[in-house]
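Quick one: the structure is below, questions incoming.
Chain nomenclature is as follows: A, B and C, assigned in order of appearance, with residue numbering initiated at 1 for each chain independently.
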């Protein structure tokens, strides 16, 4: 128990140290850009991991929730001239509300049927964003003003880095609370959870909403950071990318989600020197990792050390 | 029946037949292995692109088609042998991601070897539209429908009458029992992936003259085929065929009578509505989950 | 005043009646056994009582409240818990965490206090861990507390389910073949655990094939066959019933 707790605190401290020291090693705007992108992706993945990794409910549509946050913010600030932070909150509330409404019918489904439904929901949202060009600018995307008080990139680095640390901390708090145990119980055996008093539907809905809100907030901040948004953010490929990050890093591991996001954000950048071969090699790396480390990176490494203990 | 309606119906059943074949591919692999193969759409794409390539080599059409199907089938075998078999016992999500990786690899490969451009395959028997009841239908559509019917019948025969087909069914019903009965389950899986790839390729070749093809042509077709398979009840072959037809017709009607921009959304709206009321598809098994 | 009243209960699966017009009552503070050959409908009956299945017809009254169609978690909140014939362990958790899930209803479950890791949550968990350790001790599993359940032996998991069910502080506990698959020594341990549970004043409903155990500890026995009541009564009465002898020797 104490060992577990110290691993949690230790993990957060290591993460904080890395975020604090990293700027010393980043020597241009592009590298900072990648670091910030990793933080953004990691935060979405932490939320998604609560749903997929801990709750065992697959979602192939979470890109759509990032998209709702992004476009919600973009539309409210640019067309309604609302304050960006208020827009972010309203967009998050909208996304959370939508998640709440669709969670019940969707999360009644299991396995591949759930995969289909979340995938379909994501695609519908992305088609709407692509099509309603009066509102969204269509496939060309739209320009968005940033946050006036965020004047340079390094500020963004600290803001999003800080938010990442907060997300990891909050996620770990949640996992190690009665809510988190109930959630993992839903994954382990729904019927056993029910007979000891866990309202499994309620927890599935809750975590769907939480993960949707995580995604939405990142979407909002993302457009304020990059000043631009295109429909790709809500698309099928972005949704898939997010799940892949979670599974690659290791399901049901908060740090795994962060590491998965980091590696799979950097990898395509590293592979650009391969030009046309980029996707081919990326696909191969993905396949080989999942074939040989089916539980993902962090749980596999953790198992390795656990075995070493005995 | 108005001519307009008939026109939409023709394009709907043509689309539907394609989705049916793709959906059948999902079902066959699902039955044998309980894997949802997200590279199914890439089999479809590879059929079309392969035919383009072999035609480019100067091979006559029928030979090019057979060569493309054979090539795609090899990929199906390869996927089972080198990616799915070694990951036996991995979770559903992990298996999904492996097949997604495979789809990325296949798209990447086709793009590297054959480029990114769109290609057309000549129609099998001319482009002169045929008039029926005031509406027109392309000869290629008739090819799509005719070949789909033949393939569906052939598959029924295969699953009901041949030893291998029955072995696949037995494995899907109960893998352990099948093993005990001396069924070579590994071979069953291997054959299922090959068969499914061949079906996908056939679908891709049939529609390529109508829709053009490039390395990304399989993505939407794959997703809609998945819709078809789920709509009909996963693992239910005839359900997938019916599901494909329903999706195709709904899409054509949606595009015709509603807003054509939302054509691609129709399949997904339909599947969500159906799943909300029938969580295991239209013809899927329902029952109380055993505890 | 009976604790549980089952009236004209039936359920069909594809036209076959797995439970057929069954009526009986369970008195509080007793050990009530349900026996019958395989496929008689014992597990199905448990599933109906605990809300896992919804009956085709008939009613279940618990504590004088009509609870037909209630969800399992609603019944758990009213003091009903159970174990499963086919293990339903949370294999993604340690033994103690499994038991702590059992205590779910008795913990502070506020979202924001959990999200921000407030001291009340941590305090509650510390206390919960203590009581759950006692429960593990009660079923003889204290040494396994922080073991991952996927590396625990079958017999231990059977007892873990009992500890988890007890953590919900039930008034009535339904045990579905708790000794199945265990060796005689392990069976005897389960036997002791059940007696101790009953001594705590918890009403026990037991499905078990080990006749020696059933006859020894039951206050009342209900015999099922093909979903119908064959007979019921004390161990003595049931043992001498010719129908029971026929069903057991004939089937």
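The working rule: a residue touches a chain if its C-beta (ideal position, glycine included) is under 8 Å from a C-beta of that chain, and two chains touch if they have at least 3 such contacts.
Every value quoted in this text rests on a predicted model; they were computed, and no experiment measured them.
If I rank B-C and A-B by number of C-beta contact pairs, which comes first?
Ranking B-C and A-B by C-beta contacts puts A-B first.
Based on mean C-alpha positions, which chain is nearest the centroid of every protein C-alpha shown?
Going by the distance between chain centres and the overall C-alpha centre, it is A.
Hey, how far is the Cα centre of chain A from the one of chain C, in Å?
Computed value for the inter-centroid distance: 40 Å.
Per the centroid of Cα atoms for each chain, what is the distance between chain B and chain C, given in Å?
47
Would you mind pulling out the distance in Å between where the CA atoms of chain A average out and where those of chain B do?
31
What are the residue numbers in chain A that touch two or more other chains?
Residues 191.
Got the chain C residues that touch at least 2 other chains?
52, 84, 88
Two or more other chains touching the same residue: where does that happen in chain B?
In chain B, the residues touching two or more other chains are 291.
Help me check something: in the complex, which residues belonging to chain B touch chain C?
Chain B reaches chain C through residues 287-288, 291.
Could you pull out which chain C residues touch chain A in their complex?
For chain C paired with chain A, touching residues are 50-52, 71-73, 75-77, 80-82, 84, 88-93, 97, 100-102, 104-105, 107-109, 111, 113-117, 121, 124-125, 128-129, 146, 161, 164-165, 167-168.
Which residues of chain B touch chain A in their complex?
These residues of chain B touch chain A: 30, 36, 83, 86-87, 89-94, 96-98, 100-109, 111-112, 219, 223, 226-227, 230, 234, 259, 261-262, 264-265, 267-269, 271-272, 275-276, 279-281, 291.
Note which residues of chain C are touching chain B in the complex, please.
13-14, 43, 47, 52-53, 84, 86, 88
Taking the complex as given, what residues does chain A use to touch chain B?
So the residues of chain A touching chain B come out as 52, 58, 105, 108-113, 115-117, 119-121, 123-124, 127-128, 131, 191, 236, 240, 243-244, 247-248, 251, 276-284, 286-287, 290-292, 294-295.
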